[in-house]
Structures are given as C-alpha cells and as structure tokens.
Amino acid sequence: MPKTIKKIGVMTSGGDSPGMNAAIRSVVRTCAYHKIECVGIYRGFEGMIEGDFKSMDARSVKDIINKGGTVLKSARSQEFRTVEGRKTAHDKLIEANVDALVIIGGDGSFTGALIFNNEFDFPVMGIPGTIDNDIFGTTHTLGYDTALNTVVEVIDKIRDTASSHNRLFFVEVMGRDAGHIALNVGVGAGAEEILIPEEDLGLDRLLESLRRSKQSGKSSSIVVVAEGDKIGKSVFELKDYVEANMTEYEVRVSVLGHMQRGGPPSCFDRVLASRMGVKAVESLLDGQTNYMVGLLNDVMALTPLDHAVKGKTKINLELLRVSEIMST
Amino acid sequence: MPKTIKKIGVMTSGGDSPGMNAAIRSVVRTCAYHKIECVGIYRGFEGMIEGDFKSMDARSVKDIINKGGTVLKSARSQEFRTVEGRKTAHDKLIEANVDALVIIGGDGSFTGALIFNNEFDFPVMGIPGTIDNDIFGTTHTLGYDTALNTVVEVIDKIRDTASSHNRLFFVEVMGRDAGHIALNVGVGAGAEEILIPEEDLGLDRLLESLRRSKQSGKSSSIVVVAEGDKIGKSVFELKDYVEANMTEYEVRVSVLGHMQRGGPPSCFDRVLASRMGVKAVESLLDGQTNYMVGLLNDVMALTPLDHAVKGKTKINLELLRVSEIMST
Amino acid sequence: MPKTIKKIGVMTSGGDSPGMNAAIRSVVRTCAYHKIECVGIYRGFEGMIEGDFKSMDARSVKDIINKGGTVLKSARSQEFRTVEGRKTAHDKLIEANVDALVIIGGDGSFTGALIFNNEFDFPVMGIPGTIDNDIFGTTHTLGYDTALNTVVEVIDKIRDTASSHNRLFFVEVMGRDAGHIALNVGVGAGAEEILIPEEDLGLDRLLESLRRSKQSGKSSSIVVVAEGDKIGKSVFELKDYVEANMTEYEVRVSVLGHMQRGGPPSCFDRVLASRMGVKAVESLLDGQTNYMVGLLNDVMALTPLDHAVKGKTKINLELLRVSEIMST
Amino acid sequence: MPKTIKKIGVMTSGGDSPGMNAAIRSVVRTCAYHKIECVGIYRGFEGMIEGDFKSMDARSVKDIINKGGTVLKSARSQEFRTVEGRKTAHDKLIEANVDALVIIGGDGSFTGALIFNNEFDFPVMGIPGTIDNDIFGTTHTLGYDTALNTVVEVIDKIRDTASSHNRLFFVEVMGRDAGHIALNVGVGAGAEEILIPEEDLGLDRLLESLRRSKQSGKSSSIVVVAEGDKIGKSVFELKDYVEANMTEYEVRVSVLGHMQRGGPPSCFDRVLASRMGVKAVESLLDGQTNYMVGLLNDVMALTPLDHAVKGKTKINLELLRVSEIMST
C-alpha cells in the first residue's frame, strides 16, 4: 500500500519555458487546497542533490502566473547521472520528509525521473514544459503557444522591412528535432516556404518555389527554417546558396535565438499550466506515479512517463498542405 | 446533380473578430489554388443586396493575415430579413455568376445563410468568427484565442494598480450569453472570483469568498465578470454592493468594452483561420453545403449549420474548479 | 551646516505609474553606490506614520525595473494631514535614523513633503511620478510615455472594429485637469477630434467636424476625450448628443480606465527613472532640499518643489494644429 | 524669386524605420490641407529615375499611421550616383510637374538630396528617418524611440531565460557608428555592461566588471553590445573570450538583427512624424530649401542639410555613468 502523501516537492528542469511559473503556482496552491505541504526544489536535480529546498505556501507564489522563466530556476546536473548523485538526492528528500515529486520539464527530465523512481520507488509525476511541443502524450506542451505568438510577432516586424526593401528573409526558429514551431509560425506569419526536420523539401524545390513566388507578383518573401531542418543547411548557407542561384532577391538572415523561450505566458499557457498543476498533484494524492499529465482532445489525461519519453509526436501534415495553398 | 462551382463569394457578417482577415485570405487563396474565381462581398448581407462585390485574386489579400477587423467590413441588414431583400441578394449573386458562398460570422449570420439556402438552393458554408466562442461544432471560434490574450494582458495592467493600492477590481469582459472568455481569463489572470452567465455564485458567496481572500493575506483582488453574469448585476451595482457590505477594500470598476474585439490575431487564430478557409472552399468544391467548418479534437470537421445554430456549447466545468483551487 | 546624510528613505505616494519601480531601484542602487544606507517606506505617508520600513540593498531591487505599479505600494493618508500624524511620522524617521527622503509621486505628495520639511527641517527631494504629465518643472513625468503607448495600442484595436463597422467611437482617456494624454494619443492614433480640458471646441464645431469628416470619405471616426474635457459632457452624453443630431454614424463609447496606469514601463520611462533616481540621491548628498528632479531640454534639472506644485504646465498648442491638419 | 510650389513629391530612402508611414501620411495630408498636390515617389531615388510616381490624396494614406516599414518602399540607387541618373530623375520630376521634394531618410539620402539641389536648384526638405538616432540636428530620429522599446522588450524575454539558468548573455543591437540604442536599452533593460562604438571599455575591465557583478550576488547578467563596439570584437568572439577567462558563467549570444527596424511605431514616433511632416511641407511652402526638420528642445526646428550630414551627434555621457551606478 502506498504511503500517504503529506508533502510534495516541485521542481523545474531542462530549458525554461513560459508557463513554468504558472505551473509551480498551481502545484503549490493545489497542495495548499488539499492541506498538504509543498516544497520548492531549486535548480532541478542539481538543487535536489544539494538539498536546496524552500517551503512554499499559497502566498509564496503570488504574482508569478504572468512571469516567464522559472522562479525555481533550472540547471543541468552531471551528478544526477551517477548512482551516488541520485542516492544523495533521495537522502535529501527523505530528510526533508518529501513524499512525492512533480517535475516540470522535458524528455531528459522525465528520463531522470523514471530512473529515480525505479531505484527508490519514489512517486513522480511529470508536467511537460518546453516550447518545442515535442513530447508524446499532450497536444500542447507548456510554453509552446506563447512561443508561437512571440515568433509570429517578430516575423511581422521583419516583414515590415522585407516588404519595404523587396527582400527575401531566412528566419531561423527553434526546433532541433521537431518542426511544430516552424510549421505553425510559417503558416501564421504567411511564410512562402517552411523548412522542417521532418520533411526534405530539397534545395531545387526551394529555388523553384521562390521563383514562382516572385513571378506571381510577390516582391518580398519570408522563409521559416527550423534549427534542425532536413536540408541540413544553416540559414547562412541557405542565404549563400540562394544568392548564388537567384539574382532576383536581396537575401537577409535572422536567427531568433533565446528570446523565443521568454516572455509572459499566453492565456492558453496560463490556463493549461493551472490545469496541469491541479491534475499532477491530485493524481499523486490518488496514488498514481510515473505519469505525465497532458492535454488530449482538450481534456486532462495521464500518459505513462516512459511512453512520453519514447513516443514520437507527429507534425500536422495538413498544415504543410495549408502552407502550400496559402503560398499561391 | 449540383452545378460545378466556378466562382465563390466570401463575406464577413456580424461583429468583427481577429482572424476574419486571415480567413478571407485563406478563402481567396484556396480559390486561386484551385483555379476558380473569388468575389469579396462587402458589408455582409447588406452589401450582397446592393451588389457591392469585388473580384479578388491571391495578391489582393496580401498583408492582411495579421490585421484585426475585416477588410470586407461587416454590417447588420434589416432588408435581408425580408423575402424581397433576399430575392434581390440572390439576383445580384446570379448576375455576378457567383455559385456558392463562404460566410464568416456567428449565429445570426448562419441563420440568414440557412434561410437563403432554403429559399434559393444556394450552396453556403459557414466559418465561425466571433470572440465569444459560443458556437456549437467547434472548440474554438475565430478570434477567441486572441481575445483571451488581449484581456489577460489588460488585467495584468490593472493588477499593477490593484496591488499597488490594495484594491478590489471588478473587471467586466465580453460574454452576454457565454462565460468562456470570463472563465479562461479569470484563471489566466489569477482572478479571485469569476462571475459567468452559466452559474449563479450568489452575492453572499461572493462576499464570503472576498473576505476569506482578504483573511488569507491577499491585499488586492480581481473579480472577472461576464457581461451576462447570472447574478444579474452590473459591475457598478456589484461595486456598490460590496462597498456597502465590506469595508476592507477600496473597490474599482473597469469595463473593457470593444478593445476586446480588435488587434492582430494570435498565431493560433491565424493558423485556425487558414485551415478553416481551405476546408470551407474545398468542402464547397466537393459538393457539400449547409455546413460550418470547425475544430474538433484538433481536426477540421463539418457540422450541419442548423446544429451549429441550435446546439449549445458548454463551459468547461473543470475550469471553475481549477479557479476555486487557485484562489486558495 | 546640514547634517551629513547617511541613510535615505524612499517612498511612492499618490496614484501609481509605470517607472516608479525603476525609480525606486535607481534610488536604492545610487545609495549603495555611494555607500549610504537606504530604507523603503511602504504605503506612502501612511506607512511612514506606522514605521512600515524595510532596509533595501542593491539586490533587493533586482528584477523590478520592468514591472508596473510600485513594490513599495501607495496609499492616501488622512492622518498625515494632521500635525500629530506628521509628528509621529517624523519620530519614526528619527528612530530609524533616516536623514532624508526621496518622494516619488505627484502634486499632493509634494505638498505634503513641503509641509513636512517646513515643520521639521527634514531634507526632501521629489521625483514626479504620474501618467498625467501635469507637473511643472519636467517635460515628462514618470509613466507618461508608457501610458501614451498603452492608450495608442488600445485605440488601434478599437479602430479595427470601428472601421469594420463604419462606426464613430468616443474614447475616454485619463486627464482630469490636463489634456496631455488626450492630445498626444489623439494625434498618435489618428483621431478625428480631441476634446481636452484646456480648450472648448464646442458641440457645434464637433458636429460640423464629424460631418465634414464623413463627407470627405471617412467611413469611421475616433474622437478622443479627456476625462475633464472642457465641453463638460461625459462620453455617454456626447454619444447621445451626436446620435440625436447625426444619423450618419452608429456611435459607441469606450472608457479606458485604470489599465492606462499599469504595464511594463517603456524604455524611455525606465531610462528617465534611472536618471531621476541618481539625480535625486546625489542632490540630497550635495545638501540640496525641497527640489523636484525633472527633465528639461533633455537634461536633468532641479525645480523648487513649491514651483513644481504651483506652476502650471501648458499643453503643446502646436499639436492641436497638427491634429487639425491630420484630420483633413 | 522662387517659383510657387503647387505639387510636392515625397519619398523614403535608405533603411526603413517605424514612423516613416506616419510621416508620409503627414506630408500628404498637409499638402491636402494647403490645397496643393502631392505625389508619392516609390523606391527612393531609384523610383524617381524610373518615374515610379503615384498621386496621393488625404484618403490614400488612411490606416498607415500605425504600420511599420514604408508603403512607398525604399531602395538603394547606383544610378542616382551618376550625373546621368540625376538628370533623368530631374526630367521625370519636371515632367510630372513636381516642384519640391520631401525626403525621409538618413545621411546618405540627404547627401543625394544636396547634390541634386545643387545641380538643379530643386527645393528639397529632409525628414530624419532611421532607428540609429545618429543624425545631427534632432534629438530624436523617426523610429528610434520605437526601436528602443522593441529591443528592451526582447531583452526582457532573454532575461527570463538568463536568470532561470544563471547565464551571461551578450546581446548585439543595431548601431554601427553610434551607441545610442545600446546605451539606452542597456540602461532600460538593466544590463551589467554596455559596449558602444564611442568608448573603449577594454576587455580587462569587462572581465573585472563581470566578476564583481558575480561576487555582488548576481546570478545572471546581460551585456549589451552595439554592432560597432569599440573593442572591435563580435559578440561571438566576446563569448569565446569570456568563457576562456571566466568559468563562473555559461555564456550565450543573441544577435537581434532586423526585427529592430520593424513594428508599429510608438506614440512618440507617430506624433513626431506628424509634426515633422507638417513642418517639412510648410517650410517648403515658405520658400525654404536644403533643410532638415528636427526636434530640438521639444520644438520643431530646421537645420541646414549639410550640417545634418556633417555634424556629429554625441552620446549622452550621463547615461554611461547612470549605467555604472545601476550595475552596483
């Protein structure tokens, strides 16, 4: 029979994303609502090993629902990859009377959580926090919707310059393994082409498409490129290639970088974070462990953590077609 | 056998919402993609009766994907409520060789479309455009997501003042018959209470909740009120009532009004609009009529227009509970 | 010879405005830079009387430069209007070894500061913080520039709806005694008319102007109205009047309210606040008292507090003319 | 005696900046107000040579006051650098009955204008449009204020990630020859150090400053670097240098790029543009030529174009000191 849970630890791990603070707030307040204790663990697994804990009550999370980043900070931990490191972490949790963990993060964090649970039979629950939306078991990860808006607003600004000067811009957006951001902002910002890790458009087709676009009367163009696009060229190489093969355009490059991960969360991400925090805590209190909470068909759902880690999300192929039609 | 569709008319009707322009663009470009003609109908049914049409090709909708409002304008039409008015409208469409209609609007517009189809057997397809999200057959109407972000950002600003002065604010948001906006922005902005048309919280419980909130250490509070809240009091009456019954708070009121309907659409609304436009045109070309395109379980789906009009959307009761927990 | 200043108290008073936090941060860090102590006084004169003080060092003001509102809170104090109240306040300051005060606020706060200095010979320095820009001795008060951007962005959204529906909007903005906000946002948002406390346009001229605007081909119009406009009618009365006398327009009203006072400060306000904080502290350390720091011809300048209180700012009449030309 | 001016041409030239459209609108409407004709010249001097002109009346500039970029487009022209090119341009203007020019642009555009006036005695008036604020004769160029806000908002987002991960970020902002943007956003975003073209901080001092910052308890830092910073190292080289010499920080780099030039103009830039357009047209009508309109001590002023081109703007050294104090 599982031990009754009287104190829950909450932490953020991996890259930060908008909505993490809203999720922390939700975990803390759901604990308060159910009259159990809550402890914030700083700097992810690193702080867990160091016992960098802080008691949190309902008032300690006020005014953070609209803040980007994570008040609990995040860090990578080499030490947690060792048995000794995890042993120390477990000791610290026991010492602090922590009975269960809510881990807000991505694939890597969930893998760590699974190993930890396996070794110490310690209840863990995951909340998917990453802008990349590349986690199986949820249609939306925390921060993804916010990042889409951030990027679309930036491309709107770049388009002002592009169309004033009749230029072609290659805009690199985040997404090493997944094209969700590129695909959606490409459609949302009216990009002429979208290059993603999942599909190889081919350089020839890119040139052809840009030429057709020019002929159809467009004076400027935006091409959105995911970091890990299948063509395997950086935006700078793409610029050189296009300039060498097309004289119709002056080409410019913009690498959006880290700004995509910050900023106040969108309403959607705040609501999602609030729902996920409630679901995560109440699932632990119900005796569940090794799950990730997620949004499936607009409803909160649990997915086994190992499925979340191993499962593969798919891009929405309908959007590729929509993008092609919109580039008419 | 239905006539082959060679020319589609597109119009916006009813209150404007962000994403309408993106939907117009999508309809026009999908027509261009399928090499059929497209005609913009200005000022809704009013312009249809007057024959206020304009040919649109792929280039005529450039640079509008990110604009609020509707370039085709919108209007109410008394005349279209008469048989004669509709007859004239039909004549104008025939005269202009228009074979089918895409109508972007809400309940009232769809009702008009159904009557029109019934009388003249004219193919019609609806796209739900309203910030209220009160249309059956889609989890999201066009503009709803944008409005949520607009309102949450405004309440963030009001909270700056509320917490600097230890005040209680009643913030009135749109939603005469539906509490979707109020419920989501209430959770997203961290409101202490949310008053909606679907649930009667009762004045006593409101006072009690505000008192508990004060006792728990909160120095300021936001109460989000939908226009059509069940208690049936305006925000001004609520202010008076609370001030008469609680001396702990200085109370202020803010009626957000029309700004909620404008602004550049969010990425979500732009993508949704693009998908809906494609689906609407291709459904007409497939010989379908009297449907509304919508988003159900993240997939484009058709709902019979009469269901869309008569069906009742439900608020997400889970969110009411999340809100209560978050107010701990 | 004035006493050497070793500890400075900083407070915010009156209505909050964006940039107040940036000014607090600047005062605190300038104290740290000069190795003197700094004390935050909560809730203005009210907290001064209650001795609600908190030691502040350079780190206690991190991450507030971009926050609206005031972390020191603000309040009105009836008690400070009495001799006894001020005596208690002075006792508390002496008890806490505070040698001088920086007061961030408006007219009322400065008047209180002058009386206090007069009674106890206590060094005081003012920083003008209000969105209304109605303080003599500075071309820009803290928060004014931010408020202009906030309002212009909101009117841009209202215009989306206005032009989609061919409507006339009366938009009420802050400014009971001063038309600075109305005048600038009116020009910035492309309003057809601007009603301010300083000039009486007259109802007849308003109607005439709206008629001319309609005839010149404009389908929608925005009229910006300052709270204290000279015509002396509320926006609701203006609506009724215009609807009774013009049938060309459907009229709508929007009262922007408190949102105008919140939000992250603009870059200008953050820089201004940083400069003002440095100037205020260093002026006190130089032995100055009873001054307000301000921006005159882009340079930091001191104005005697009594001039700041009694002096009258003037609106820029050039802008009225620009507005008229732009409404062509 | 100068010829009476009956038709004015307006063009944008050089890099685009927010507020150019508002200035075009102002020029066009001021012409309409004074009942003279106005012609838009597309793509700068290039379009002038090609006779790419379009008649503009008050209605043709509606709904552009809040748009970034330039509806008249901009381009570089090699041909205008030749006598023949300028001769052709002059012929085209004469042919179109254009009597005077308003040129919205920067140094290069003004130099072209001066040569053109010198050769053909053609009246020209300049409006300074560039985000760099590096033009003599105005405290603010069009677009500068907007760019400051754009950059500060982006750095706020980057700071979310920086402080969540205890990182040091080098953020490169525009400014090849002038540090105005870097200096102001550095202060406004609370940067620890600011590297600008006008001052050589030195790599040693940079390291020292970062170390001191770390010791004082700061866990993350932002260093703002102007493109043309005096140290002469790119942000990537700075990253390598700091990582080689400090192990305390994980370092990241962000190059903001073209997004800094786009977006809706701030209220300040819209008002400034409106004022400048009126002043430019009315100065031409008054018989003035070879001037640039500018803002000096908050008042519209004329500066001879050759002074504007040759004069050197100075950075505000007070801000460097404020920045140092704020980094305490």
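By letter and in written order, the chains are A, B, C and D; residue numbering begins at 1 in each of them.
To be clear about the criterion, contacts are C-beta pairs under 8 Å (C-beta built on N, C-alpha and C of every residue); 3 or more make two chains touch, one makes a residue touch a chain.
Because the structure is a prediction, the values reported are computed rather than measured.
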item	value
Neighbouring chains common to chain A and chain D, by label	none
Contact-graph distance - origin chain A, target chain C	2
Equivalent interface positions on chain C and chain D, same or different at half	same
Whole-Å gap separating chain C and chain D, where each centre is the average of the chain's CA atoms	28
Mean-CA-position distance for chain D and chain B (Å)	39
Centroid spacing, where centroids are CA-atom means, of chain B and chain C in whole angstrom	36
Chain D residues counted as touching two or more neighbouring chains	156, 159, 163
Pairwise touch network: line, ring, star, complete, or other	ring
Touching pairs among all chains present in the structure	A-B, A-D, B-C, C-D
Residue ranges of chain B touching chain C (in the complex, touch as defined)	12, 15-16, 18, 20, 67-70, 73-75, 150, 154, 156-161, 163-166, 169, 219, 252-255, 257-259, 261-263
Of all residues in chain B, those that touch chain A in their complex	25-26, 29-30, 32-33, 58-59, 62-63, 65-66, 139, 145, 148-149, 151-153, 156, 159, 163, 184-185, 187-190, 216-218, 264, 266-268, 270-271, 274-275, 278, 297-298, 300, 316, 318-319, 321-322, 325-326, 328
